[in-house]
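Before I ask anything, here is the structure I am working with.
Order of writing sets the chain letters: A, B, C and D. Residues in each chain are counted from 1.
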Amino acid sequence: MIRFECDYTTGAHPKILEALVNTNGEACPGYGEDPHCERAGAMLRELCRAPEAGVHFLVGGTQTNATVIAAALRPHQGVLCVETGHINVHETGAVEASGHKVLALPAEDGKIAARQIDEYCREHYNNAAWEHMVQPGMVYLSHPTELGTVYTLAELEQISAAARRWKLPLFVDGARLPCGLAASDIALPDLARLCDAFYLGGTKAGLLFGEAVVIANPALNKDFRYLIKQHGGMLAKGRLLGVQFEAFLTDGLFLEIGRRETAQAMRLRDAFQAKGWPLFVDSPTNQQFPVLPNGAMAALEEKYSFEVWAKADKSHTAVRFCTGWSTTDADVDALIEDIRML
Amino acid sequence: MIRFECDYTTGAHPKILEALVNTNGEACPGYGEDPHCERAGAMLRELCRAPEAGVHFLVGGTQTNATVIAAALRPHQGVLCVETGHINVHETGAVEASGHKVLALPAEDGKIAARQIDEYCREHYNNAAWEHMVQPGMVYLSHPTELGTVYTLAELEQISAAARRWKLPLFVDGARLPCGLAASDIALPDLARLCDAFYLGGTKAGLLFGEAVVIANPALNKDFRYLIKQHGGMLAKGRLLGVQFEAFLTDGLFLEIGRRETAQAMRLRDAFQAKGWPLFVDSPTNQQFPVLPNGAMAALEEKYSFEVWAKADKSHTAVRFCTGWSTTDADVDALIEDIRML
Amino acid sequence: MIRFECDYTTGAHPKILEALVNTNGEACPGYGEDPHCERAGAMLRELCRAPEAGVHFLVGGTQTNATVIAAALRPHQGVLCVETGHINVHETGAVEASGHKVLALPAEDGKIAARQIDEYCREHYNNAAWEHMVQPGMVYLSHPTELGTVYTLAELEQISAAARRWKLPLFVDGARLPCGLAASDIALPDLARLCDAFYLGGTKAGLLFGEAVVIANPALNKDFRYLIKQHGGMLAKGRLLGVQFEAFLTDGLFLEIGRRETAQAMRLRDAFQAKGWPLFVDSPTNQQFPVLPNGAMAALEEKYSFEVWAKADKSHTAVRFCTGWSTTDADVDALIEDIRML
Amino acid sequence: MIRFECDYTTGAHPKILEALVNTNGEACPGYGEDPHCERAGAMLRELCRAPEAGVHFLVGGTQTNATVIAAALRPHQGVLCVETGHINVHETGAVEASGHKVLALPAEDGKIAARQIDEYCREHYNNAAWEHMVQPGMVYLSHPTELGTVYTLAELEQISAAARRWKLPLFVDGARLPCGLAASDIALPDLARLCDAFYLGGTKAGLLFGEAVVIANPALNKDFRYLIKQHGGMLAKGRLLGVQFEAFLTDGLFLEIGRRETAQAMRLRDAFQAKGWPLFVDSPTNQQFPVLPNGAMAALEEKYSFEVWAKADKSHTAVRFCTGWSTTDADVDALIEDIRML
C-alpha cells in the first residue's frame, strides 16, 4: 500500500531525526525553557522580522487553535471562520469546549473574504438584538485552507485591514504553512505584520510533531504560557520541539520541504488533468482533489490509500491525495503510471 | 405607542397577579420546595398524564435551554437545531458557553424534519473521521418556532421516532407553547410521551416570568436541581413560580391565553392579506411577519412598535407583529383600521 | 411554624408589591431597556456618587456572581475568596462551570484580609512553576459575609489597596448589603470608590427578587449585557427589576429594611446571650448563630424553622436564625419568650 | 550542572529511541489507528489481565487528567483529590477549565484515605443544601503521589471499595507509575481491577513523551476518542506513542526503569539521612525531599539543579531531588560525595 491519505504517515525527515538523536542525551530544563527552544524562537523571530514577537512551541494543531482562540476571546465572543474551517468541522468542538461559538461563513473555495468580515460585523451591530447574539471577536483562517487553496498577499492584506477595522485579532492556522509559503506570494514577515498570531506547522511537513506559534500582538501574548499549560499543550520535554524547529528552520529546510511536497502534488495534478478527471477544487498545494469515476477509484484503492472526500454524482467521487515530506518520486511515478493505464 | 414588538411588554395577567398578591405574606421554604410548587407540579403532571415526570420551574427561557441541554450532553456532543433556532441565534452562545456546539441545520420555515436527523446521524457515523467531529447528542426544536410556525402531531411523532432511532434525547422549547397548543393538534400528553423534556412557557403568556420544565426521561431528571442551581436558575423565592403556575394551570387559563393571543394575531393576519401584503412566513400563531412597503412601515412606526425582521427588497421590509395576553381588541382594531387607511 | 430559616421566606415588602401592582398594565420595552430600569439606575448612581458607573439588574445572586466573575477573568485566572465564601460553597460550582477556579483562603470569621491577598500573590509570582498554577485574577468578598460579619471601612480600604497593588479587580457580593450598610461604617459611595463591581441585593431585603450590580470599572462594564444574556440573567420583563428597585431606592427604603432586619436580629442575639448560649460567630447583622444544647434545639424546632449550621460537640449544635423584612415583633417576642422559658 | 530537578531532563531511553529510529520510515495511518498502537494496547491489556479494557495513548499528563475527568463527570460534579494533588495545584486549572471543581481534601503525606471519601460523601448528602453544592463525582489519586509516597494494596482496596460504595469512578494518575510499581505491592492487574481508569506514565520514565490510559469501566471508555480529540490529545503521528510503548512494555523495560530510578533515589536518601538531614516527607520512590541547611543548599546549587520545595524554618529549606532513567551512578556518586564533604 502506497499511502497518499495524509501528510503525516511517516516519522521525521532525516535531518529532524538526526537532530533528535544527537541531542538525546543532553539534560535540559523542561517545559520549553531550554536553549533549543530559545534558539529556535530567535531564529523564527528573525525569519519573521518580528524581534518583539512571542514564539511558543506546541505539540499539535487542534491544541494550538483552541489555545490561541481561548487566549483571545472574552466569553461572549465567537470566532469568524468559513464553514469548512478546521475548527468548525474537525476538532470535535474544541473551540466550543472552551466556551466559544464558531461563527461559520459560507465559502466555495475554503477562503474567507474581507467583505464577509465587514458584512458580518455591520449586520451584528445593526441588529437591535445584538446583545442577544454572539459578538464577533476574532478572525480565523487557514493558509493553505482545508481545500488546499491559498490566499494572495493582496487578499490577506484586505482581510487584515477588515479585521483591524472591527478590532478583531486575526489568527492564521498554518498547519500546512510550508506549502502555503511555496505556493503563494505570502512570506513569513507578511504574516507577522498582518496577523495577530499565526503558526508554522511542523507535523505535516516532516517533524515528528510540533507547531510554532508566533504572536505579534503583545496583549495576546501576555500570560500565554499559562494557557498552553491549561490546555495540556506544555510538553514536559519541551526541548524536543526546540530541537526539531532548530533543524527545520536551518538553511530553509521548512521551505524546501514545503516546495517538495507541493511539487510532487503538481505532478499528480497534471496526471489527473491529463486523464480528463475534473478537480473538485483547484489546489496549488500538497492536497489534490480529483473527481474519479467510481471504477477507477476502486481500482486505485487496491494499491494506494487516499481519502474519500465527497460524492460527486452517482458514478463519480471526489477524493483527496496528499503528498508528504517522504513521498518519493517512485511513489508518484507509480501512481501516475497506474492512472494513465486505467 | 401601541406595542406589538413582543409578547412580554406588560406585567402579569390579572389572575396571575391576584394570586401573587394573595399569597404575598405566606412564609414558605425557598428554592422551589414549597407547597405551591408542589401543587403546580402535580397539576402539570396530571395535565400531561405523566405521573412520573419531573417538573421544575425556572425563571427564563435562555436559562432553561442552557440547563436542559447541559444536563443531557456529554462534552463531545452537540445539539441538532435549525439555523434559525433560538439557541443558535439569540442566546449569546449560552449553549457554547456550556461547552457544546449547536449543530445547525437549514430550514425555510423554522422547522426541523425527521429526515434531517436521520441524514445528519447517518453521515456522521459514515464519516471516517467521525471522532474528529462533534457527535450529535440531542435534538432541539421549538413549538411554535421562532417564525411562528407549528409542528403537526404526525411530524412530531416522526421526529421523536428519528431521535429515538439514534438514541438522541428530544427537547422541545415551549417558550410560546400556549400558542402552539392553540394552533396545532399537539397536546400536553403528546409532548410528555414523545419528548424527553419540554417546557411550558409562562413569560410570553401572561406570567411575570417562569418556564415549567417537564422531564419525562428519568436519566435526564436525575440531579437536575443541581444543574438549575449551577446555571443560576434556582429562584430563592421559588414559591413565586409555583404560585403563578398554579393560577396558570387552573381552569385552563394557559390555554385560554394561548387561544386569545393567537386569535388576535389571526385578525392582524387577515388585515395584512386583505391589504395585499405578502407574508414573509405563514404563521398560525401570535407572531405575524408581513412584508410591508417601506412607506407603510414608516407610517405605522409613528404609532405602533414592532420589530424589523429582514429586508425583503429595496422598497419592502419584513416585520414582526406580536400579540400578547394584554393585547386588547381596541389595539388590534386601531391597527387594522390604520392599515386599511394607508 | 414561625420561619427564621432564611431571609426570603415571604413575598415582597408592601411598598415593592404596590409598585408592581401599580405598573402592571404599562407596556414597556423588554430586557431592561425600559424607563423604570433607567430611573432606578440613575437613582443608584446618584446614591453611589458614581455618575459614570454601569448599573445592571439581575434576578439572583448566583447568576450575578457567575456573570461578573466570568466578565472579569481570562481563562487561566481564578478568584480569591475565603473558604466559606458563597461562590466556593453554595453555588454548585457555577464559577468553575464558567471555567475558573475559586482560590480558597482560610478565614475564621468569613472575612478575607488584605494581608492574605498580598501573601497569595507574592507566593504565586515567586513560585518557579507559577505558569503551572492558576493565576489570581480577582478578589471576591461578601459584605456581610456568609457568617453575618461585616468589614469596616478601614479594612475595605486596605483590601482595595492590596487588590489594586496586584491589579486585581475587587468584587463585593452584596446579597445582604442592606444589612451591611446598617451594621458597618461602609456606605454606598465607599463601595463605588473602592470596588470594581458590587451589588445591592434585593432578594434578601424585601424584593420578590433582584440584585443591582454597580460596575465602577469601565473595562469590566464593556459588553456586560452580552454576558448577562449568556448567563440567562436578562429578564424578558426587565421592568419588574426596575420597578422594584425604584421603590427600594426611594426614601431610603433599602436602608430602612436593612436596619429593621438587623435590629430584630440584635434582639435575638441579646436573648441568646441572656440565656448563656455562646455564639458560633459574633454577627452584627440579620444572621445569628447561637450554639444550642441539643435538647433546646429539639424543643424550638417544634415551633420555629431555623437552619442547622454545624455540630459544636456531642450535645451542642450551632444553628442559624435569620430575620427578614417580614419578621414581626410578635415573631421575635414569641421566640425570645420561648428561649427564656426553656 | 548535574540535573536532579525533575525526571524529564533528557530524551529517550536508548531502547525507546532505537525503536523510533527503526520505524521512522514506515507509513502508517494516523491518530493512533496504526499497528504499533494496536500491539502496544494488546500488550498492556495482557499485562493488566484486562482483556476488555480500553487502552488509549496520550501525549502528556495534564491532558490525560483533564480528558479522563471530563469524560467521567456530569456538569454539577467535582473530583475528590488531596490538596497537594497535581490537578489541584499544578495544571493551571485544567479541570476547572472543563467546568469542574476539584474538591480538595487535606492530607499530610499526599495520600487520600478511604475514610475521607466516606466522610465527604456522607456530609454532602446529609447537608440540607446539598443541591447547592458540587456533587462528588469521582475520586482522583496519584500513585506515587506528588510527594513520592505510595499506596499499599490494602489502602487501594479500601479506597476502591469506598468509591464504589458511593458510585464514584476511581481514577489513578500514574505519571510516575513505574516507580510506584517498584516501591509498592500494587501491580498492574490490581489497578485494572480496582480502578475505573488509570494511566502508566512514560514521560517520566524514559519515553520522549506519552501516557497510556487503561479504562476498565466500559461506560467511561465509550466515545473516549472523541474526548481525546477535543482536548487536543490525539497525536497525528500517533504511531510514535505505539512504537514507544511497544518498546517500553517489552521484556519489562518499564519495570526495570522504575526500579532503577527508585534505587538511585534510595542511595540519595541514605546519604541525606547519614548526613543527619531530616526528610520533609519519607518517600520510597524517585523523588526525595531532604530538609537542607540553607548554607548546604547554596553550596549544592553551584553544581546540581534541584527544586526548592518549601521553607522549613529560617535556616532550613525542604528541596526536591529527582532521579530519572538517565541518572548515572556517577551523578549519584558525585552528589553523595559532595554531601558527605559539606
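To be clear about the criterion, a contact is a pair of C-beta atoms (placed from the backbone, for glycine too) under 8 Å apart; a residue touches a chain by one contact, two chains touch by 3 or more.
Bear in mind the structure is a predicted one, so any value in this text is a computation, not a measurement.
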Check every other chain and keep only those touching both subunit B and subunit C; list them. A, D
What are the chains that subunit C and subunit D both touch? A, B
Looking at where subunit A touches subunit D, is over half of the residue numbers used by both copies, so same, or under half, so different? same
How big is the gap, in whole Å, between where the Cα atoms of subunit A centre and where those of subunit C centre? 49
Can you work out the whole-Å distance between the CA centroids of subunit A and subunit D? 33
Where the centres are mean C-alpha positions, what is the separation of subunit A from subunit B, in Å? 41
Set of subunit B residues in contact with two or more other chains: 75-76, 91-93, 97-99, 131-132, 135, 226-227, 229-230, 234
In the complex with subunit D, residue positions of subunit A that touch it: 1-3, 5-6, 8-12, 17, 20-21, 23-30, 59-64, 66-67, 91-94, 97-98, 203-204, 208-209, 226-227, 229-237, 239-240, 305, 326
Show which residues of subunit C lie in contact with subunit A when the two form their complex. 31, 70-71, 74-76, 98-99, 131-132, 135, 223, 225-227, 229-230, 234
Contact residues on subunit C for subunit D in the complex? 75-76, 78, 89-93, 96-102, 128-129, 131-135, 307-308
